[in-house]
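Working notes for the structure below.
When the chains are written out, they are named A, B, C and D in that same order, and each has its own residue count from 1.
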């Protein structure tokens, strides 16, 4: 009690130290990836150490950029990821609000259905899903690339929880302000859920962007490849031994857009709504 | 606070009828689009999968008719499969607490507008943007016996060598470490979003009450985000039950089947060995386990809620 | 459905950007393959003679064909990563999204035989002389007496030697060539001598990931065939891993592991760099690595500079055989209309005519007997050229060959990495084979 | 126009009855305060008027419209919530404008209404801030401003002062009273604080257990509480309650005997008082005077400045609080004699029902 102030300062420093140490562990492999991406593949066949010593090369990156299809794949990935993110956010928000704040016949069983869907492993449905889309002749379309991931029960659960935590008085105030349920949803509830939206948005985007197996079996025409499938198709059969630098460059190339997106979004995760300084 | 005075929203509206805004039936339109999607894209394929699990169906060899429970009886006499259940459960038990604790620690520590905190958040998120292929490639370099980074460090410190690739004991923990490293960004971000919902005034009040850091954590922060902790735990359990790529690409499930997860078994039997019906049965077992885990957690979270 | 249509219409606009402008009325055929893409290095190059590596040769071959064929045919490659290639192919077959021409390992052919066109007549029609197939290639594409694929190569399993280490260990003959062990005991003795004299491991093998498990099983099959052994003594619905031959084929790994003269827990990158850095005497890998090591040998700072050579995976038993596999081209059923079908035949004939380029640039043994003499003139190929006569593969009747390869490889990796005995491994293989052969 | 009529309202959640058959008329322009302990149903009643909760049965009329079936926003009521319920992501101006925008009020009209309200509430300089940047008192004003701009027929206040500190609370009380003078709208104010009720109300509705205990003007309720509950809830310090037995009558007025045997005269008509049963005598501190009467010993002395409260213990152990008018208070432990003003003592029967003095003709 009495000596709190100094101990808090020490505690702060200790925690910061722990975080910085942890961050060092976290960033080391990433630095390694970036470092490897600038090394010639032949050198990497012998050693993956010596990151700071020459030779360096940009060839791994120029090899990617020289592929005529790569920007088409990137566009595909962007369409798929943005489409999936947007639609998931809309679906999850609407549904989360419906479950959190409204009532209707059959709400309980429908919420249970969501929970059940949550527990369905991807592997359990991928074969039937592929067959379904084949029957509908939808493979090699954006619809097939986007829709299978829209049923994202976790998103619904997350939004439900988040909406529940918003004070009901605010909505009641809006109700008394003559706002319709939809207006309340759009003008009050959605803006208040920005941190959750940003989180869910990043996650779905990342998931869609990095997805591999489904686009692999669904988009078989090279012009419909996503970036992950396209980049992987460029790898030779011995990529892991002969093309390590190239692989790493691909990883950096494919990861960069998501990282940029995160940097953009994280302002909203640590948002201005509740986090605005009171003073 | 208001929650204590006002009845829960669902309770309130339950007796409302047409009293407030829209009618009850109309509210269903909030969830209807999603329900349609989930039925068409999850529930329907799930039932197809369940049907498949009772068939002898080879992806290329074709359909050889129903076999009743044969796929299931075969599964439960398959030592490899039983091993994957053990591995999967162990893995969930290893990683989920790590995700929650580390994620929480990072979120609480880095929840501010400070520039250096923003940078650190990005660092912890950055690993998530890598694909599993690259993540495992790098970590295999770390884990390489004798020459890898880990071996160098343990040698330097004079510790006994930990060799996740060839050790039956360390294989699964090795995969777990990679997994936590890879996707800690998600729980951290979820916790950050939840922390944003705690009103600043509560912390100010606590500061005025001269609450210690620990007291603030245990009596304000944790209770305020308890629901999120439940949700994150649930999510991580669900996600980690579906461990696949990291195990496949780091250890291949070995040594001696000690790190092969259920999904790898499903993948190998279904997609490599083409035994779709058999793999479907294994999928249903995984589904059942995950469902039980989800229900138990939801029930635990809920019963605490009601107290 | 309606929403889907609206959505599709909306997206169609966007898709138009991603789709290259429609080509002239050419006969387009799809060409599914792995081997990677290397536009950066080969772009639109048609210089097949100077292409190096599998990717380079395939890319320039298709470029050349598209530029020069007289039948107005356009081959559209659909390139997929090697790892999930067959999973994707399965998905495509079940979705009736079928390529006109596809690459296939001969080990897989048995599983796919009812999905691909029998080619006896078509090869004739295309002007491909099946009599020119090497014995190994003929065997590889023939199922039940019929040809189902055009063979493209034979690849096989070798010992790659660091001759310098062998010299240092005193294990070279008068000509300075490594002494090749002929029995298990000799091999173990050599390995111990190597370790004593040089401190280096004798055998370098990658054993830690699924991609690497093939390394152990290829070795296993080779030693099994050397004894005339089989894992299918009584039909293909039941495997037998209890025979003395099976145990004898696993035993060398157990002994090497006990002697501590084999690398443990390396992945493919680690295995390769171990050899390239002169940290092990013998690298277990395939025909496809020869050119890499020759290139390394040429560099003065390379530990291989003192000498590199290769031999067919040595028999430690009564006869010399070796595991082989083949890249082949198949025409999946339903992948073509009549015009495309004709075009596909023109294309595989073109490939057939360029088999020598593949052998030279890709490093594999050619599928054509008539090219063997020329191939043997390439560096070190004289040591391996004979293997197309005696190399063996599992019969096509054996199902789930991929599964067996992984399973056997994994169990042998356990012997190497975790000290299991040959008997324990064989028992595990026996048990797991039941699951693999279950169903259909 | 703005008279509010609640008719036979009942509310239950499942089998739990919150309110049974409650009726109440509130005249146009009245400042009615619903007063009662937490859980008494006052908030539920307010929320039913607002339309945030539907009565299980009964009707609500505003003027000559029946409003219980129409949407909250269309009822012509505005509400100030306990936690203000400001929209955190909107500026003060946007907060106030939201309700008007929802009904399609022209932009310039919105602006002028906000300007007027902001001036009245002295928040004009805060219009571009967000709630998170305001102090508690400022938020309070914004919440009121948000209600004012809608020019509702009825203002509803749900314990809006409970989150303010004491000084701010008393200031706001005055401002609210002033506001009521100015806008002349009907106001309903829910509180558990009897001071708020006494200071602001034109009429107080005391509630307990989902029932109305008493409705009346503040002084009426103070002087003539109809039940022991009301008597105990109103007034500070709380009324003294002493167990008594009836001791006959004198001149038709009831006499009661305290536990120590002292007989106390009252001005209550003995005919109105039930003959049998335990009775409780109630008397407020200001109607107890030291000098003669019941003996007691001083226990605690509370100096409030303008008055001094003395807590004295009677023989039977019960405590009597009284006002010491003089500057010189007795010392603790001192023995005093206390007399109760017959005109202002009241009696409560076992059921809590009150019997009041009857002025002599």
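Couple of notes before you dig in:
Note that a residue touches a chain if its C-beta (ideal position, glycine included) is under 8 Å from a C-beta of that chain, and two chains touch if they have at least 3 such contacts.
Note that the structure is predicted; figures quoted are calculated from it, not measured.
For the pair chain A and chain C, chains touching both partners: B.
This structure's chain pair with the greatest number of C-beta contacts is A-B. Separating the CA-averaged centres of chain B and chain C is a span of 38 Å.
Remark: chain B and chain D have CA centroids separated by 54 Å (rounded to whole angstrom). The mean-CA centres of chain A and chain D are about 55 angstrom from one another, to the nearest whole unit. Distance between chain centres (mean CA atoms), chain C to chain D: 90 Å. Taken residue by residue, chain C touches two or more other chains at 87, 94, 267, 269, whereas all remaining positions touch fewer.
Across the assembly, chain D contributes residues 51-52, 71-72, 82-83, 132 that each touch 2 or more other chains.
Contact of a single residue of chain A with at least two other chains is seen at positions 48, 131, 167, 169, 175, 180, 232, 240, 244, 273-274, 277-278.
Contacts from chain D toward chain A in the complex involve residues 50-52, 71-74, 77-79, 81-83, 85-89, 98-99, 102-103, 130, 132-133, 146, 150. By the touch criterion stated above, chain B contacts chain A in their complex at residues 2-3, 6, 9-10, 13-14, 16, 20-22, 24-31, 33-35, 37-46, 48-49, 52, 102, 106, 109-113, 118, 120-135, 137-139, 141-142, 149, 181, 184-186, 189-190, 192-194, 196-201, 204, 210, 212-213, 227-228, 231, 234-235, 238, 241-242, 244, 263, 266-267, 270, 276, 279-280, 283-284, 286-287, 290-291, 293-295, 298.
Remark: chain C residues 86-87, 90, 93-94, 111-112, 114-115, 208-210, 212-213, 264-267, 269-270, 400, 402-403, 406, 410, 413-414, 417-418, 420, 431-432, 435-436, 438-440 touch chain B in the complex.
Chain B contributes residues 56-62, 64, 74, 78-80, 137, 140-141, 144-145, 147, 163, 165-168, 248-256, 268-269, 271-275, 277-278 to its touches with chain C in the complex. Put simply, chain A touches chain D in their complex at residues 167, 169-170, 172-180, 183, 187-188, 191-192, 194, 273-274, 276-278.
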